[in-house]
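Below you'll find a set of structures to go through.
Heads up, the next two complexes both have chain A, just with different partners, chain B and then chain C.
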Partner chain A sequence: MAIQYILDTFTQLLSPINLLTLVLSVFFGLLVGVLPGLTSTMAVALLTGLTYGIAPETAILSLIGVYVGAISGGVQTAILLNIPGTPAAAATALDGYKIGQRGEAGLGIFLGNASAFLGTIFGAIAVLLLTPLLSVLSLKFGSWEFFLLALFGVIMCGSLASGGDTLKGWISGILGLFVAQIGLDALNSYPRFSYGNVDLMAGLPLIPIMIGLFGFPEIVNSFKNEKVKAIKEEMTYRVRKGISILISKFATVIRSGFMGVGVGVIPGVGEDVAGWLSYWAARVSSKNKEEFGKGAYEGVIAAETGVNATIGGNIIPVLTLAVPGSTSSAVLLAALWLHGYRPGPLLMTETPGFIYTISIYLVVSAFVMLILGLIISRYTVKLLQIDKRILMPIIFVICAVGSFVIDNKFFSVYIMFIFGIIGLLLSKTKFPAAPFLLGVVLGPMADSNLRRSLVLSDGSLAPLFTRPICLVFVIIIAIMILAQFKVFSKLQAVLFKKKANES
Partner chain B sequence: MKNQKAVVGGIAIVLVVILAIAWPSISGMFESKDTSWPKKDITVVVPFNPGGGTDLTSRAVADEMSKSLGKNISVVNTPGASGSVGTISVANSPHDGYNILANGFMSFVSYPVMGYTETTHRDWHIWIATFAPNVIATQPDSAFKDINELIKGLKSNPGSVTFGTAGIGTGGHIASEVLKSSLGIDYKHVPYQGGNPAIVAALSGEVNVVPQLSMEMVDMLRSGKLKGLAALTDKTLEIEGADPIPSITEAFPELKNIVPLGEAFGFAVPNDTPENVVQKIDEAFKKAMESDSVKKLATEKGVQLLGYSGAQAQEYVEKLASVVDWALFDGGVAKISPEKFNIERPGK
Partner chain C sequence: MEKQIATTTEDQPKHFDFISSICLSLIALYIVFGSIKISKEVGGPFYSSPGLLPLFLGCMLLLCSVLLFARSLKKTGISGNISTLKAWFAEVSKSKDVMNMLIGIVILGIFTFVLMPTFPFLISSFIFMVFLMKVLDAGSYLKVIIISACVSATVYTLFQIIFKVPLP
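Then we have the complex of A and B:
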């Protein structure tokens, strides 16, 4: 049966119109991913509107293609300009930008694209083999677990992105959490910090904040009166070198793949968390921890694999429960419905072949993404050779327009400006911007889930210690915080002193 | 120099793409006034996230409408504050029919008493496409085997049975509030961000009951992952491929006044939209309601096709407003009295 389904899908794929659709939609996705401000959710939503008239298979193929492309495109600007094209690429920018500044942007993008490819394939395999198993996991996360996951994400990102001073990372993350509180609260619709302004009531838009925080400092810094350091870019890099790096870090790829799929399966938790989580895991288990943040290849590999593996992960609960794993897959779910598919608990019995179709679409999209991504990067790496004083004003226009097109409101452009100035202050005072952004992303999740949990438990905090997944999170968070204040080494010192005194 | 040229070319392509995406809004700034309609593409604003009931219904109907209007209809999602953010944005854009609001009218009628808008449903032309009733559902292995046991449980342990809903002021919450005020029960409200998370919470056992819409849980009912105890309809709810769900009036005939209760999905434009435009939308809407794809959506999703427009739609929404707004006000959820907007108590 399985082979029959796979053959059917491939015969469909080979028709010229489907091949053309695939290439075009992946290319469109990559462009959207490269441009800060245009997100994968937007790309999938935009395309959904355009696919009404065409055959369902072609429509779904184009949506999967654009999804894969848009998630993978963020790596380019992250490495070249330190402006992540998507919020998820913020973890990639951490090491990727340093790699680019070192003159290895080509190699960096190759590694990013190749890891994205491997991550997508990993996700596709998970869809094919683990769907029944993993859909159980998506029911294991209750309100308490969501709260702790969000908290863990911000604390983890704070210590990863801080470049030495973890406290600054945490402060930045908590500021982000505060910004996320603006607007109607999710439980009681009570307006917070909105002063009767309707735009503020809806909450601050995420993408303009991201563009401001990351884009502004880069733009302003390029006009400083320093001598412009021209980067001697090695245009040609050895693909063989890239592949050998990948092979040597294959354990990281597998680990990040698992983490990405796992995070993807949990409903409502998106790619950004997966990127940071795989980056964290790679750093914790690496022998050369001090290289991370200074341009480690492994950092880019971990982040990109993790981010892309979430695509497959996100699709699993869509197929089995009709519950999307992220906002982009929510749009995909709506598109599936519109084209007459019925994802949900009945899918496996009604159309068992569909799961194969989706996995194969993911795999072919990954291949096309890899090839197109590498072709595009041949042109984009040249950005580094342009005088930044010419390039950056153009980037600035793209940033402003990118903020505007999110919802066609000037309010978003103002937000981009305001957070641009905040981003500038943060970078001047050496506070990292990435935890701030993740705080804004995860703030609503942390806030609403904590309060919902407290409603469920009648105000008791006991479930934090009685639910197994919670307990694991609590222990990890406690260790991270205590380690920062050197509690363990002090404890060790005290204990050893005692022993010394006794003897 | 060659490189610079290549890059400038690349940037030009990028700018063209951005312009293309932003074009509907840019071109809107230069449009001249003209009476024939539609001259350009139409935007339907869905004030909720993609994939929800409003989104699915309006996309399906709007697609059919665009066929008879001969222009593209693009659907834009502007979620926030129970859909009032998108509603206000349509009210504030030109009243020329190029910006059509899609909404669920149960939440739509609650905006004035919730303090989101100063205007009411009477300031809009309304079209109602479909109706999805609330279904009181539990896990199949729940302690509550039928609606009588559930209400008994609610009465003996006031405030301890948990109801997971899509959030304050949404369909599921309003239905729970109506039950609370008319049956004299008390429940513990656990709001989620959307119908899907609430249903997942019921599947995983985090909440005891989910009172969301039939259309949101239809496949869960078909596959037996959720069990429908009662539907807030006037007769038994038949869903293709699922066990029939008894009407709540079988156990509690005194609820005749409040059923059918559920979300009605459709479109609205401000009252002062030109008459010929309203006429055109009306024709396209009626044609769309006759189409196979909308009918298919109704059977698959377990919703009723209503197809109301004009006075009939206004009358329907008026009744909905009186049930919903008073339940919200009596339950202390809404702070502004429906009297302020001359909305009468139900059953008068």
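Then we have the complex of A and C:
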């Protein structure tokens, strides 16, 4: 029966209109991903309106295509300009930009695209095989677990993005978490640190903050009078070298794929968390930890595989529970409803072949994304050869537009500028910007879940130690903090000294 | 000279840690007092107050800032840090790079806070790019005008006409 469903899907795919739709929608997605400020959510939402009235299978194919394209497109600007096209590409920029600066942007983009391709394939397989199992696990996540997940994310990111100065990474993360507290709170609707300003009460928009933190310092640094040595860019992708790197790091691909799917299944946790988590795991398990942050290929591979594996992971709860894993998949869920599908427990009985259809759509979208991504990057890679005095004013205009289009408010452009200044100060004083951004992303989740949990437990902290998943998080967080104070190495030294004295 | 300043600022982040830890401590204190004020205003049990997480974050920030401050004093002490800061400031105030960056920031600010809200996007972006490119000495007037006009038109076409996204 499964083979029949697969054959039916391929027959649908081979029609010229569907093939054309697939190519155009992936291209549109890549374009959205490349432009800072335009997100995958926006791309899927924009296309949903346009698909109204066309055949459901063509509509779903185009939505999956644009979703895959938009998530993957962010890698290009992350590597070339250190401006992540999407928040999910922020972890990629950490090493990707350094690879680009080394004159290997072509190789970096190939690795990013190929990892994104593998991650998407991994997600598609997960949709097919792991749907029931992972859905059960995600249902065990309560408020306490979500709070600890947010805390863990910021601590982890602070440790790994700080370039050896963890204290500064944590400070940056705490500042980000605080920025996310500005505005009406989720439980009491109390305006925190808003000073009666209506725009502040709505909370600070994420995308302008991201653009400011990462884009602005690059732009301002280019105003220096010094003659910057032109970066000699290799226009060849060095596919053989890329493939051999990917083969040698295949364990990273598999691990990041699992992490991406796992994070994707958990509702409300977006692709960016998966990127950081995969990056952290790659760094922790790498033999060359010191290379991370300085242009490690493994960093790009881990982040991109993890981010793209979340696409499949996000779709799993959409299909089985009608609960979206991220904002993009929430729009996808609405689109499925619009086209007459009924995601949820009845989907498997009403339309049993749908799960195969979605998986195959993901796989073919990944193939098209890989090819188109490499074609597009032939042109985007030339950005590095443009005189920065011409390029940077243009980039700033795009940053301003990207901030404005989020909600059609000048307030968002002002926020981009203000956080740009903050980003500049952070970079000059050697504070990493990435934990700050992750703090802003996870801040609302941490706040609402912490207080909801405390209300449910009457202010008791006991569930932190009685719930198994919580306990695992608490232990990991404690180890991460204690490791920074060199408690373990001191303990080891004391133990070894004792043993030596005894012998 | 320029290179020397760059090296000085890159290699000696201790005095930056010193000054940033003081600023961060002040921010942390502001967050702590602000959070306590929020909790008092809202009332009810403290564990469900909107000031709970900001208070926790303020305390954590204060702790980290104190650690950073202590670390910055390890080798040089307070007077050493202050004299390094003074020397750094004296050098930086003469630096051409810093002046260029400040002028650039002012131009970016004018575009963000004045030109964009006042003029339609096509005009504001064109004026901004021509002006900034000329200040940065990016090429002749003709070159700069052609590039700026092409970019403004392309961004407008892409967002406003193709994606139907409204621009200012």
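Basically, the second predicted complex is superposed on the first by the 491 of 503 C-alpha atoms of A that agree within 3 Å, B and C clash if a C-alpha of one lies under 4 Å from a C-alpha of the other, contacts with A are read in each partner's own complex, and residues count from 1 in each chain.
Everything that follows uses one rule, which is that a contact is a pair of C-beta atoms (placed from the backbone, for glycine too) under 8 Å apart; a residue touches a chain by one contact, two chains touch by 3 or more.
Remember, it's a predicted structure, so these values are computed and weren't measured experimentally.
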Original post:
In the superposed arrangement, which partner chain does A:Val405 touch: chain B (first), chain C (second), both, or neither?
Top reply: both
**OP:** Once the structures are superposed on A, label A:Phe223 by its partner contacts, choosing first (chain B), second (chain C), both or neither.
**Re:** second
**OP:** For A:Ala45, decide between first (touching chain B), second (touching chain C), both and neither.
**Re:** first
Original post:
Which partner does A:Phe178 reach: the first (chain B), the second (chain C), both, or neither?
Top reply: second
**OP:** Could you say whether A:Leu187 touches chain B, chain C, both of them, or neither, answering first, second, both or neither?
**Re:** both
**OP:** Give one of first, second, both or neither to describe whether A:Leu454 is in contact with chain B, with chain C, with both, or with none.
**Re:** second
**OP:** Please indicate which partner A:Pro393 is in contact with in the superposed arrangement: first for chain B, second for chain C, both, or neither.
**Re:** second
Original post:
Looking at the overlay, what does A:Gly142 touch: chain B (first), chain C (second), both, or neither?
Top reply: first
**OP:** Could you pull out which residues of chain A sit against chain B in one structure and against chain C in the other?
**Re:** 38, 46, 187-188, 394, 397-398, 401, 404-405, 408, 455
Original post:
Along chain A, where are the residues that touch chain C in the complex?
Top reply: 38, 46, 167-168, 170-171, 174-175, 177-178, 181, 185, 187-188, 190, 192-193, 216, 219-221, 223-226, 387, 389-390, 392-394, 396-398, 400-401, 404-405, 408, 410, 413-414, 416-417, 420-421, 428-431, 446-447, 450-451, 454-455, 459
Original post:
Which residues, counting only chain A, touch chain B once they are in their complex?
Top reply: 31, 34-35, 38, 45-46, 48-49, 52, 138-140, 142-143, 183-184, 186-189, 198, 201-203, 267-268, 321-324, 327, 330-331, 333-334, 337-338, 340, 342, 344-346, 379-380, 382-383, 385-386, 391, 394, 397-398, 401-402, 404-405, 407-408, 444, 448, 452, 455-456
Original post:
For the complex, which residues does chain C have touching chain A?
Top reply: 2, 9, 13, 16-17, 20, 24, 27, 31, 34, 38, 41-42, 45-54, 57-58, 60-61, 64-65, 67-68, 71, 96-97, 100-101, 103-105, 108-109, 111-113, 116-117, 121, 125, 128-129, 132-133, 136-139, 147-148, 151-152, 155, 159, 163-168
Subject >> Touching residues (chain side chain B, partner chain A) in the complex >> reply: 3-4, 6-7, 10-11, 14-15, 17-18, 21-22, 25, 49-51, 55-56, 59-60, 63, 74-82, 85, 88, 114, 162, 167-169, 188-193, 196-197, 199-201, 203-204, 206-207, 219-220, 222-223, 225, 296, 300
